[in-house]
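Going in written order, the chains are labelled A, B, C and D, and every chain counts its residues from 1.
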């Protein structure tokens, strides 16, 4: 009864396993393709497929915001960029330099070793992993069910709390003299945030909002730096590739505004001639 | 006033030396001779006062330096020994000063020569009058310097310059022994002043001196080291090579330095340190042997020499042998007596030879002389005086001083004494032989020099002949006049404390009543020698040539001065130079530099080159390196967890 | 077969780790083995970034802690920045040297 | 007036002078002349100050005088403290005296970058005087190392053909040595608790520790003196250095090695010095004989004199470790006399080099004809270098010999042998250069000018004066040696 074990797992797990294996094979295949295929265009396309499938995996794991982001950023921007560059630079199909036998063996050996080590880390943790895993999956179910159960009770509780906090906030408000409009807006913002955090705690919100909450509270600074990084990259690219090309008409604002000495307003007496 | 004696020549030499450029020859001569005459008058009066009235004193001029327990001062110790020497030095030096006025008058830089002569006299007087070993060493090296300057006076002659250096170096080898002797004395006695040393000798007798972890009996070691110093200065066998070459210098120099004064400094030092030498039998024995050997060696070589001045030089060497021999037999006063008489007749011989050479305008080879008997009668006569006193004929001074030495050799009744007696007598015969050969070859026969020199041959001018006459008088009279003072009955209270003789060394006292034949033998041998000389060179002139052919090896051996020069050149000079080159290139460049700085720098450069290849510029090499790093790190991490 | 299946089926953290590791190794090999031109290097770097973010996501899912995803986001940002600069350099290099074959680019030699 | 920091002024006046030089403006040769005269005036005034120091130095007072001490790096207790005693006084006077002579000697022979040359010399003077006066180990090390820099430039810029090689070799050789010394100094301060030398002098360290520390000091000072195996930098440095450079190198830098032994190894590590004395004796014996032999076959006059310096310093090191008053004061006298004599010899070679632009012995013959005055002065210095009585060389050598013979007669034999060889190579040199049949010498061998005459005569006077009457110097040196002997004695 080969399929006896099937009933061991819930239908949900089954589908998940199938989807995962499909996508995993696609990614590995495309990755191998990227590094082996001769024509760079094919390489880029394979890269795109790999990104797509990994985005799918992300979504499967509940990180749909990132998955979609992956699709937009990687596939949309980076892959296109690659294509653009590949097309622009008419890269000739250079014959792959013959790989000496000795190099290949050494490379494979090292790669194999590396692979083994990484897997070893995985395998060694496996036994404990498996145990916790079971635990987590079952736990996740448990939490899922509980979540729904206490959701209902949470609502009653939270509403009373909300009321109480509003009262407290307002009391606070009255105590301090109203300094100005800004203060009111800020206070409102803080209250909303507290409200959102309570709901996140209850695990109700979807991935994006949760992510947003997290990013804009704890990782705010790092997020700014990431933004800065991107700005820097953009500037860098421009500076690097910018060329002054004189065969292109260009407008030079500053020269236009300067006064030309020769052209001057002159008062002429009537009938005296210039 | 006593202090003036050494300082006068010093001032003369400084005045003339500094202004030698602007000063004319006459003025220079006048100053130096005047100062010297005053000094010699003072010296003679001092000698008389010391000898007659027993005057004795030590004058400290100025402190030299004091370090820890060693305090040395510039001082003059006036006692019989030093006053005798001062008198001889001053007298002979003055005569030489006057003589060189005539001999060197056509020399361009006469002031410089006179300055050097006075400088030499100062150093000699400083040496003689020293009351401590360091001041004696000061005079010792100063005299060496003066002889270097004077030998190399005609520095345009390469041979003269080389002879000067050779003289200084061989003297320096002697000084090597002297300095170590001084150090040993300082170690043993803690002081360098003679009075303190002689006082402490008894309680240092048993002490030992450890050098190269060999144990030496202290007194013997010190005496032998000091004797090495004396050997260097008095040209004893082994360190005599510089004396014949020193004849490169002008003849007055040879007369003053290499006959009368400097070479006798060694003998003087031995007599001065008699208080120390008396306590070491081995030292005295070695000194006697060396003296006898030198006497015989020099006499044997002198016979074959053809250069007039070299013959006289070897005769000086031989007479010095006699003096050292006498010292070895602890007959110090006999040595001093012979030193005094020798100073006169040897200076006479040299200056006479000088006027001969002057007349022949520089010709020194006896084979190209001859027939001068009629042309230069006075010099011929004076030459005979010198030869006869050298040979030891009774009236002349040589007889008295040489005979007493040979008698004391016999009277010492030691094996060493007998050997000395034997060698001494053989050398007497040889001395008489070469002396007569010398006078015949240079004065008799027919003139063998070119015609054009003939009319220029003339009797030497008064400036040269007066000193000769004075010296002749001294050569004749000094014998019997000073006999009883120096070695006679009165010698006891004459020498007083300056010479110390152990009471069981009675060689000198017994010498007076030694058997008849011992007194007569030397006389007989010298007469025989003169006869042999006449026989070979006056009558059968072909005999010497035939003899030389028959005894070819011996003749050659003697002609080559017992091959000492060749031996030293090979053994010391050439090996020193090759060792030096080996050390310079081999050790300095090849090992120390190769291992040290150059070695390290080349290794660093080679290592750098090999490392450079690592940076190939290819990205994948770097990635590969990263990979390996990761793998290694991973392995390490896993090993941790297992 | 059953044990294999059972090990395969419940998609757990290990599977994702396995996937991202192999992806990472492939990226490295791409970097190392490629003899063609620089573009492939950039692509392999992309793969590395992808593997890293996958790892983050896997752990964030397993541990239920969102910060993993935040970091994945940042990796995304850096990857994007890196590629832009890489391509810019590539373009400039091509403009000067007219070829971007691997074996030419070795000027920074020791 | 008495609280005027005399020592600090002596140290930093030349430095100030060097600074002053940089302010000069104007045309090329104006700068040169102005630089030379200001440098001369600064050096002269500093020399006057040192003479004042000597005059006001009173012999009765034990230990260091004119001590100034201000805290420098308070945290680790390092203080800027300077003081002078009998041992260091004469080196300071020698330093300022030689600087004046160097400036005078290179008045016309240095043409390019005269201002920097003069500045380098003033800096060299102040650093070396600082080293002699420093009473703080770290301060001493600072000056000891600092001296290398100006010397490196002097050899490197104004030197001969292989100057770069020589400059580097000199610098790295000495530097490597003194790095080990730094280790010893640090551990000394660490264990001794203080960097103040007088205190270190009477703290006693354990035997084992002393032996290790001593080695550190030994290597550095051995390279600097130079002792036998570490001497190969000296001939190259001397041959390539300009005349004035060699004078300072021989006159000053070599003394620092000896002074270092005297200030550090003997008083602070007495038992180790006793323990290693046989080693030093054998090395010095080898140095004397080896260097004299090698000097015999040199073709270049300067190299010959360089090797003679190695031989003379062999005397010094032997004397220093003989552990008795005569030997130590002899070593100090030998250092002072070597400073004067070798400086004079190098100046003489400089005179020849300025005229004939070569230092090969073969190039010269019968120099006495065209240059009699020069020949006479050179003779005096040759005799002083041989150690003829009546010159300072003799005092140094005889005292060292007397002292060393008491400690180890074998070494005294080698040293005395060195005296013979010394006479050998010096007179051999003198004969080949000055005597011999008159040859066609280059006509520009004119005799000494007034300036050169003045410089050389101002060196002859002290050499002969010390030779005849060294008492004033010895009376100052000996009292300060007795404590060193005492500590070693117990």
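The working rule: contacts are C-beta pairs under 8 Å (C-beta built on N, C-alpha and C of every residue); 3 or more make two chains touch, one makes a residue touch a chain.
What you see is a predicted model; the values in this text were computed from it and never measured.
Of the two chain pairs shown, B-D and A-B, the one joined by more C-beta contacts is B-D. Think of the whole protein's Cα atoms as having one middle point; the chain whose own Cα middle lies nearest to it is D. Centre-to-centre separation of chain B and chain D, using mean CA positions: 37 Å. If you average the CA atoms of chain A and of chain B, the two centres end up 108 Å from each other. Between chain A and chain C, the centres computed from C-alpha atoms are 15 Å apart. Remark: chain B and chain C have CA centroids separated by 99 Å (rounded to whole angstrom). The set of chain A residues touching two or more other chains comprises 107, 111, 114, 118.
Annotation for chain C: residues 28, 32, 34, 102-103 touch two or more other chains. Along chain D, no residue makes contact with two or more other chains. By the touch criterion given at the top, residues 21, 62-68, 70, 134, 137-138, 140-142, 145, 148, 152, 155-158, 160-162, 164-165, 168-169, 172-173, 175-176, 179-180, 182-184, 186-187, 209-212, 576-577, 579-581, 583-584, 587-588, 592-593, 596-597 of chain B touch chain D in their complex.
Residues of chain B touching chain A in their complex: 624, 627-628, 630-631, 634-635, 638, 641.
The part of chain C that touches chain A in the complex is made up of residues 1-2, 5-6, 8-19, 21-30, 32-37, 39-40, 42-44, 46-47, 50, 53-54, 57-58, 60-62, 64, 66-67, 69-70, 72-74, 76-85, 87-92, 94-95, 100-103.
Contact residues of chain A toward chain B in the complex are 107, 110-111, 113-114, 117-118, 120-121, 124. Chain B contributes residues 612-620, 623-624, 627 to its touches with chain C in the complex.
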